[in-house]
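Each of the two complexes below includes chain A, the first together with chain B, the second together with chain C.
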Partner chain A sequence: MSTALDAPKARLHLEARERASLTVRIVVPIVSILIASIFTSIAMVIDGHSPIDAFVEIYHSAFGGKNPLVRTLLLSTPLIFTALAAAVAFRMKIWNIGGDGQLMMGAVAASGIAIFLSGAPFWILIPVILIAGSLGGLLWAGVAAVLKVFFKTDEVITTLMLTFIASHYMEYLIFGSFSYWRDPESSTYATGKAIPEVAELPRFWGRLHIGFLIAVGAGLLVWWALKSSRWGYETRVIGDSPTAGRYAGMSVSKNIIIVLCVSGALAGLAGAVEVVGINHALQPTALQTGVGFTGIIAASIARMHPLMLIPVAVFLSGLVSSGTSLQQMGIPIDIVLLLQGLVLLFVAAGEFFLHYRVRYAPRGEVA
Partner chain B sequence: MGLASGLSLKDNLALKAYRRAPISRGPFISQKEIRKMSARLVSEYDIRGGRDELPIGLLSGGNLQRSIIAREISENPDVLLAASPTRGLDLAATDSVRRLLADAAEDGLGILLISEDLDEIRALADRIVVMFEGEIVGEIDPDEFDLEIIGLMMAGAGRS
Partner chain C sequence: MNDTVLILSLATTIAAGTPMLLAALGEILAERSGVMNLGIEGMMLIAAASGFWITSETESLALGMLTGIVAGTLLAAIHAVLAVSLRVNQIISGLALVIIGTGLSGFLGDAATPKLTGRPPGARFTSLLPEALTDLPVVGPLVFDHDIIVYLSWIFVAATSYFLFRTRPGLAVWAVGDDPATADSAGIPVIAFRYGFTLLGGALAGLAGAYLSIHLIGTWQDSLTSGLGWIAFSLVIFSGWRPWRAMLAAYVFGGLTTLGFTFQILGFGVPTDFLAMLPFVLTIVVLAIISSRPEAARRFGAPAALGKSFARESR
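After this line comes the complex of A and B, so read on.
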C-alpha cells in the first residue's frame, strides 16, 4: 500500500501567479495560436495538403498587399462592433449571445431610415442612419433586458431566440412580402431597395470605408468609458459580485438594462455600417454570416479587452478572407473554421497559464 | 459580503467613496484620486500584501478585514455593525482588528459588535447584551464579567 502511494522523486506543481507579467500575457496567446496551427496542419496533412503552402497562402490572401488588406479590414469592421458588443456585456457576466439578431435589426432600422430620408444631405443622413441602426439593436437587446430584469428570464435563451425572430423578420421583409424595404423592380430574385447614393459611407483607402474608423473609434470610446466612468466602475463591481454592488447601493437591474442596451446598440451599429458601407440595401443573406457569434470568439480571445479585440478581429477576418483562395487550392473552407475554433480553444486553455505557473520541484522542496 | 474579491484592493476601497467628490467627477471617476485614497488607507490601517492592482481575494484574512474596516470607518459613519469581525483570523490578525475597533470606539464611533467569542466581548465591550432565540435575555455589566453566567444566558437560562 505504501509503495503505491510513494510520490515520484520529482514532480511538477502549480503555483498561483499574482498577476501575469506583460511578457507572459503576450507569449501565452501567441503560443496558443501556434499550437492551434499545428493541429490544423495535422488535419491538412491528413487531407493531403501542404500546410506550409496553405499558411503562406493565408498570409498572402489576407494581409499581403493593399487589396487583400482592405478586404480583411472590411470584413473585420462589423466583427469589431459585435466583439465590442460581446465584451461590454460579458464583462458584467451578462451573456448576450444575440449579437446577430441585434445586428439585423440595426440593419433593418438603418436601411429603412436611409430610404425614407432619401432627399436629405449626406451630413444629416449618415449620422441619422447610424443612430437609427444603434437604436434598432438597442431595442432588440432591450427586450431581453426587460425580460431578464422583470421576469428573471435567462438572457442566453432570449437573446438567442430573438436572433431567430430577427433573421426571419428580415427575410420576410425582402423575400416574403412587398415591404417598404424590398426593391419593387426585383421579381425573380428579390433584393432590398437601394439606399440613396449620398447615404453610402465615404471610402478613404481603396474600397475601405470610414466604417472601419468608426469601429476603431467605438473601441477607444468603450475602453475609455469602462475605465473612467462611474458606469464602468459599477459594471466591474457588479460583474465580480452583485452582492457587493448592492451593498454599495448600486442598482443591479438598472445596470443590466444599461449594459444590454449598450451591447445591443454596438451590434446594431455593425448592421447599419454593413448597410451603408457594403450592401447599400437590406440584403438578408449578407447579414446572416454569424458575425455576432464570431464577435464572441474575438472578444473571448482578447479577454474582453475593448482595444485588444481589434487586432484579434482583424486576425480572424484575415482567416475568413483567405478562405476563397484556399478553396482554389482545393482546401475546404472548413479548415479555416477549424483553425478559428482551435485558436479559441487553445487561447481559452492558455488562460490557465496566466493564472498559474508550473514549477518543477524536486521532492522534498515542495512547501 | 461587501467585497468584490476579483477586483483590486483600490477598487474595493473605493466601493462607497466612488460616488462622491473628489473621486467622482460628474459621470466620471478619477483613477488618480482612487489611488490616492487607497494609498492613504493602506498606510493608515497597515494593510499588507496588497499592491493596488492585485485582486483583493488574494490578501490574507486579517488584511481583508482591515481593508473592510478601513473603508467603513473612513466613511465616518455614526454606527458600525461588526458581526464576528475576527472569525477565522490568526492571533496577530485578531489582535490588530480588535485594536482598530477599539481605537475607532475611542474616537467616538458607536460599534455594535455581534460575536460568540466571549474573550473578544470581554476585551472590547462597554456594554454587554445577551440574546437567545432572537430575544434579549439579559444585560451584563462588563465589570462583573462572568463566563458562566453569560454562558447560561446564551443557552436560554435567563429567559423568563
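After this line comes the complex of A and C, so read on.
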C-alpha cells in the first residue's frame, strides 16, 4: 500500500492509515484552522491592520455578550439547516450542491402560503408554513432526483442549474412582475408582501426566535435517523457501494429520491424559517447570500456529522456577524469570506492527513 | 428595427460572449483530464480585481491582463494541489476556490488605494484590423471589427479542438479523463496531465476575468462577474465538452442579454428574468437528453473519470 514501491527513489512516501487516532482527528482540524488564520492575518498585516485586534474584535462582536450571541445564532439558523441538507446527501455520495435554490423555493412556498392563509390562527399557520417551506425545497430537489433516476443526469450539475433558475424566478416574483408575492404598495423599490403578524416566529431570548431550536432539533433528528434507523443504514451502505446495496436487496433509485427529497426539505426549511423568523416577506436579496454553499462548507468542516456541524455553523456565522464591526475598524468585510474559504481549504487538505501518513525514507531504503 | 441594429447587436454579442467562451474552453480542458473545477467564478473574480488593480497602477493594459492570467493560474494551482495531490473532493475544493476568490477580490478592491473605479485612459483594446476591412458591410462589424482577445479566443477554439481530436497528446488527455488507471499503465503521466490542464484552465479563466473588468466593463466592483463563471461552467456541459459547440453556445448565451433589450424594443413581453434562466434550463434539458441515452452519453457526456481522484497505489 505504499507508493515507495512504485518509485524506489522517493524520499517521501505515503502510507494509508487504517484508522486515524483520536489525537490526529482533533489536532488536524485545529492546525488547519490555525493555518487559515495565519494566512488571513498576513492579508490584514499587508493592508496595515493588527490581526490580533481584529480577532479580538471578531470574538467580541460575535460571541461576547447576549446581543452579539443572539445575532450570531440568528445567522446560524438557516446555515444549520443547509449544512444538514448537505450532510444528509453527501453521506450517501449524492452531491446536492443546490441548497441555495431549494432554500429559495422553500421561501417562495412558505411566504405564499403565509399570505394566502392570513386569517388563520397562529397554531395552524406556523406548522403549515414550515411544511410548505420544506415541500418547496423537497420538490425543487425532487426535480434533480427524478432527472437522476430516470435520465441518469449528474446531480452536481442539475442542482446547481436549478439554483440559478430558482434565483431568477424569485427575482421575477418580486422585481420583474406584480405577482402575488409582491407588495402592491411598493413601486419605486419593489419589496415582498408582508406576511400576517401572527405568522411570525415567537422569540424566546431577545430577538432569537424558535427557528434556532427547530434547527437544533432537526440536527438531533437527522443524527438519530442516520445512526439508528433502517433508512440511515441503507444510505450508509449505498454510499459506500451502490452495488453492495443492490445485492442486499436495497433499491438504490428509491434511496436516491428519498435522500435528495430529505436534503431538499431541510434546505427548504431554512428558507421558510428565514421568511417567518427574520424577513417576514419574500425578500430575494436576503436569500441570495449563498447560505447553501456555506452549508456545504460547514458540513465538510464537521465531516458530515449532523451534530458537529451545529457548532461549526455557529462559528462560521460568528465570522459573518463580526463583518460589520471589522468594517468599522477599516478592515474590508470580505476578509471574513477569505477566512471562511481558507478554513475550508485547510480543513479539506487536512483530511488527507487523516487518511495518509507521510513517511520520510532515506534514499535507497524501501519501506 | 433595421438590419444595422441587428448586426451591431450581434457584434456586441460576440464581445459579451468572449469571457464565457475563454473560461469554458479552460474548463473543457481541465474536465477532459478528469478535474472538475467549480471555482471558475472565483478565478475570474480574482483575475478581474488584480488585473484591474495593476492596470490602474501602471496604466498598462498588457501588465493587467498578464496579472489576471497569473492570478487565475495561482488559484487553479490551489485546486490542483487539493484535488489531484491531496485527493480532496473536487466539489468541495472548487467551492473553496469560489469563496476565496470572492473574498480575496473583494478585499483587494476595498484595500486598494486609490480606489479601483475608472479605467486609465487608453487602457482598453481596440480593433485589430485596418479600417478597409472593418468598414465592410455585414462582415465588417461581425468578423473584422474585433480586438485581439476575440481573435485569440477563436484561435484557442480551433487549437483546443485540433489538439483534443487530432493529436496524440490530445488523445492522451481523453485517456487520462476517461480511464486514468489504463492511461497510467500506458505510460501517460496522469498527475502531470491533470496539473497541467487544471492550471491552463485557470489561466484561461484569468484571461477571461481580466478582459471582463479591464476592457468590457472598465471598472471594478464586488462580484463583478455576476455569475458569468457559472454560465461558463454550464456551457461546458451544454457543449458536450467540445470547443466549437462551446463557441456557438457562448454567443447564444451571451446574446440572451442583448436579446432581452431587442425584445423590449420590439414590444414583446418576455421578462428578462426568464431569458436569464434560459441557459440553465437548456443545460438541464441537453444534459437529460444526452445522459439518458448510452450512445449519446459516450459521445457527448462527461469524461468517465471526471471528479474522481487518481491514486496509483489504490488501483
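The definition used in the following text is that the second predicted complex is superposed on the first by the 335 of 367 C-alpha atoms of A that agree within 3 Å, B and C clash if a C-alpha of one lies under 4 Å from a C-alpha of the other, contacts with A are read in each partner's own complex, and residues count from 1 in each chain.
The criterion applied here is as follows: contacts are C-beta pairs under 8 Å (C-beta built on N, C-alpha and C of every residue); 3 or more make two chains touch, one makes a residue touch a chain.
None of the values given here were measured: they were computed from a predicted structure.
In the superposition on chain A, A:L345 makes contact with chain C only, while chain B stays out of contact range. Between chain B and chain C, it is C that contacts the larger number of residues in chain A. Of the two partner chains, chain C is the only one touched by A:G176; chain B is not. When the two complexes are overlaid on their common chain A, residue A:T243 makes contact with chain B while staying clear of chain C. Shared-chain residue A:A265: touches no atom of chain B or chain C. In the superposed pair of complexes, A:S228 makes contact with chain B only, with no contact to chain C. Comparing the two interfaces of chain A, the one with chain B and the one with chain C have residues 16 in common. Taken in their complex, chain B has these residues touching chain A: 1-7, 11-12, 14-16, 18-19, 24, 27-29, 31, 51, 53-54, 58. Looking at the complex, you find that chain A touches chain C at residues 1-3, 5-6, 14, 16, 43, 46-47, 95, 97, 147, 150-154, 156-158, 160-162, 164-165, 168-169, 171-172, 175-177, 293, 296-297, 300, 332-342, 344-345, 348-349, 351-352, 355.
Chain C meets chain A in the complex at residues 36, 38, 78, 81-82, 86-89, 91-93, 95-107, 109-111, 222, 227, 230, 233-234, 237, 271-274, 276-277, 280-281, 283-284, 287-289, 291-292, 297, 302, 307, 312-314. Every residue of chain A that touches chain B in the complex is listed here, in rising order: 16, 18-19, 227-231, 233, 236-237, 240-241, 243-245, 247-249.
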